[in-house]
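Please see the structure below; I have some questions.
Should a chain be cited, it is by its letter among A, B, C and D, assigned in written order, with residues numbered from 1 in that chain.
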């Protein structure tokens, strides 16, 4: 269903070309400062426009429908609505007949007996991730405010020792595009992925093809003790929400898949301080599903954009045979470039929910 | 918390060295044939004893406490209890003072203010995965019985076309140990991982070290249309439960992390039949979070066993410094060898829940 | 929290004097006919304007934000938004200082540390019941369409035998106002409560006082077998949602409180047909929490409207003593008159959820 | 389903004549003192044996399967199992053919296609309420320990002012039997209902008939601010769980059904202190679904026991006509006498869950 979380509950709705897309946030404590302006920075990070992303621009103006008064949350559900504009319904009429490779056209038609909204991917549109970004903004407010500190203290958990920094300092960034790791393209002082991987992006643009990428997320200044055995481990919850982001193919924590190739003596990293610091953080900040005070670190693999300019082939349900398909419209060459803020939001939502679930 | 699922709800309890470990299964339809004997085959697959696994043997005798009468499920919750035997509480007294690297000793102590049961890992013990195997047995019953067929038909979903085979035919196996893929160790007709990777296991045993591994799970003869957007995608639910298995570091579907290095023209596989068959199944049988009729394929990375015979180092809370630590007892050299049946169970639990959630 | 239901999930948001009030409906099957017009009849029944109800009029125009395309549900969440108009924020500034008797002013202030929206009761406003009516409209669509029939058939449950009538025919009406039962005021052919109890309403209006009432709801043409032991009995779910309606003080099923005064030989009604018909339906259509095929019957007690024209007394937090309080504005003399459609909706929501939960 | 609660989650299982009946408690904080002996007092209150209750005696010995070590909860799920003894399966073979009036025999057979366990009511047996009593014991531990105090303080809620008494002091008692209120049978110093209503009970025993009753529950020394709008009002949650108790026909809070007959000027009780004390507590300690600091008061109507010694009539599915039915075995004349501790437990479970849900 379209709800995630137990005590901080995020519920999304909307379709790419319907009236709008929105999110209901239940469980937000009263008294957090919040205004429509607070969403601007993170929404801008998700925006398109740079090289490698679609030139289709949307305004993405958040309207707070409820749960905020006089600049503070009221304790009632917070609802943020994004009206859809700039839609081109005519672009999408073809895909019930000829499902686009890599898209949900075929499965949605079968599942919903052809009543699904096919326009722009409908409810499957990447546009729905706007909701996760909006939820993430509110989650970060919780994690970074005095509220988090009070909540941890009340639970008797030790606080992170670096009090010069934000609690739950979360940051995600692109670390690989088209198979080329950041280490091969680094430019001192440059953080814009579209610049760093411009050569790869230019080549894909020239080919009418698309590229995948890997995003790494790190949460620093973490308390010990978040997460719940057996089924609500931190990894379980993070992976659950991360795989809701369209186009994710894999997730790994700490040493990840590399851990399967290591020996115990290499992967086990010793505890080296009474705060639980380990020497190598191969566990990605989590033991037994519970945060261990080290940075939570995970990486997410995104597939290349499914919609490409090159001619493709797919089953033609009218003709009863495979036909060639050209997908019109404007698409991201590498949508992974736009996802770091979404991945950050996913992490923040999980941590906010776990914070509220401390007992 | 300790509950997973919406309509097929699995709730686990127990600690390694307490009275027992068990599972409550809610939502099981009435009339399925079920007896204690049905658990034997899958429990045996999880058992230790082969090379690379611990010689500590447990009898793992399932007792059905409720929900079954005259060999059939009654519609009330099914509860399966495994009494603990062969426990050695004295082995574990040390680890509150000196948390074992890679274990939950430290985090559990902090989270539960030292009231947690530290014996054998307590509620974090791999022994709790017995519950998942038991739940998996019941889930497979649902998926493989006429019940699944009726349910799919009632939902108006097309059935898989290969009616010579079981619906939801699920199988997991070890495909890599200690970094060595199956392709390098294959022996015709041999399926026992302990034999195939005996060289690697022998070396680790000699060193007193441990190895990680990768398990691949494939579900064939899948219907189209299971899974729910936005948050309950098949990948979300599978990864959620898979990361509940102790020692998992990563999961990937279809082309997985490799997809991030592919071009769209390579990774997009065309639909080549009206049943939705694709040419390459790079999506692992899932589009937009919903099954597309192709086999569901995913791989899980397991870390090397944390408890090793070699001397390790860790913080000594009594001494206030790092000390050396020798972990007594008998441990798996590569616990990944015992996990395929657990991974299969995880997949079956998710699919059974999604089957019951069809509307 | 603000979510009800398992498979048909209703999530409400909004505050009386904020931007709007709305409802998210998750789990709606694809292909139901639905348009904004479908809400008109039930919304009109909840409207004020008749004798005994407030003259404050609102337009209550439903806007479908998502989940509907070309007149049919798409399978994605259905969201209905009601913009607030005709608000008078200035009327309500006093009540943080002097909490109105019978209102949530005091508790909301304490719970949310005075960040709650006090205007018009904020999130506690009776206006939020608009959401339940909207959800009820969609629930009735499910219950009255071929969808319900298919679902019951698929579950192997016998269908009600009266196929000349709607399945799940639900109807609620006022049966008592100000302690005067319907039997004492009946007028042949007259169904308007404001007319039937006009004498009682006139007297209360003259006094500046208010009246309570009792609503009875009956669901006929019921199938056998809805409801889930142990915790999700039909009575449990119905009472759960009914007590969400502001101002409810009690609920009873079948013989209700009178059953406590009966003997077993009187209250036990014999089964008199193979369809499960009982002679007296003292159980209100439910045994062991599960529908028995007889009409589901329950009654709901509503308190008199808390806001009255008479001068009242309450604690004055500024003055530190009890002060007199006059509540300005326009209020229902007997808000129970407006509730039958809300109670019907509550019943329909529960039954739709149970229908979707059949396995 | 068989799970109740969000943060304190109670899951019940078992059938009257199966291996046993039990309860899984998830969310219990670590460090509460708990042993099998702690259950004795409340279990004894539910026991039969006194006049008006069945002479069938069960030992009801709780076995703690997990979640407790060295006399304290560990933070992992607490499971309590009651093995069934003293079962007489042969007594119950008839009721699939001739469903007992007032019982779930008919509906369970239909719902579960005759695979349900009919012995002693199976999963519908009143015996399952043992689980609620056991859960209530643990809930009371939470509410009465320093844990509750810490939790309230951390949430910034004001504490009840009477610190000479237990927080959340919960007590339920029988206030009416066979239509005769306590006020008519009171004997100074006597609190045993079997003695107080001995005349009514004797008459029913002589007739082979049964009696209903009303139980009142009061929770004193309540904090302000528990409960969640919109759907998780205190009344919603309490009524939800109370209607899980077999045989409940109605519930009312504060003035209850009488409120529907009162005027606003009578029912509205003024706030008379800064702590929120009201003059009359007609709202039963709850406004807008949230506790207001006054005692929470509610009454529950229980039907007369369905199994009576008198000959009854019911449909005979074999004969295809109504037949006479004599129910063998030993039954409570008035099972309501045994329910106060169950109702108390229900209240305690809800309050513990709400305490854990404070944010």
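What we mean here is this: a contact is a pair of C-beta atoms (placed from the backbone, for glycine too) under 8 Å apart; a residue touches a chain by one contact, two chains touch by 3 or more.
Chains and their UniProt names: A, B, C, D = Chorismate synthase.
Treat the numbers as computed from the prediction; the structure is a model and nothing was measured.
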Target chain D (Chorismate synthase), source chain B (Chorismate synthase), minimum contact steps: 1
Chain whose mean Cα position lies farthest from chain C (Chorismate synthase): B
Winner on C-beta contact pairs when A-B is weighed against B-C: A-B
For chain B (Chorismate synthase) paired with chain C (Chorismate synthase), centre-to-centre distance based on mean C-alpha positions, whole Å: 45
Inter-chain centre distance, chain A (Chorismate synthase) versus chain B (Chorismate synthase) - centres from mean C-alpha coordinates, in Å: 26
Touching two or more other chains - residues of chain C (Chorismate synthase): 1-3, 6, 12, 27, 76, 108, 111, 113, 123, 229
Of chain A (Chorismate synthase), residues touching chain D (Chorismate synthase) in the complex: 6-7, 27, 29, 76, 150-151, 153-155, 229, 356-357, 359
Residue ranges of chain B (Chorismate synthase) touching chain A (Chorismate synthase) (in the complex, touch as defined): 1-4, 6, 10, 12, 99, 101-104, 106-108, 110-111, 113, 121, 123-124, 128, 156-158, 176, 178-179, 204, 207, 209-214, 224-225, 228-233, 235-237, 239-244, 246, 248-257, 259-274, 276, 278, 282-284, 287-292, 301-308, 310, 312-315, 317, 320, 322, 336
In the complex, chain C (Chorismate synthase) residues that touch chain A (Chorismate synthase): 1-3, 9, 11-15, 18-22, 24, 26-27, 30-31, 63-67, 69, 72-77, 79, 81, 108, 111-113, 115-117, 119, 122-123
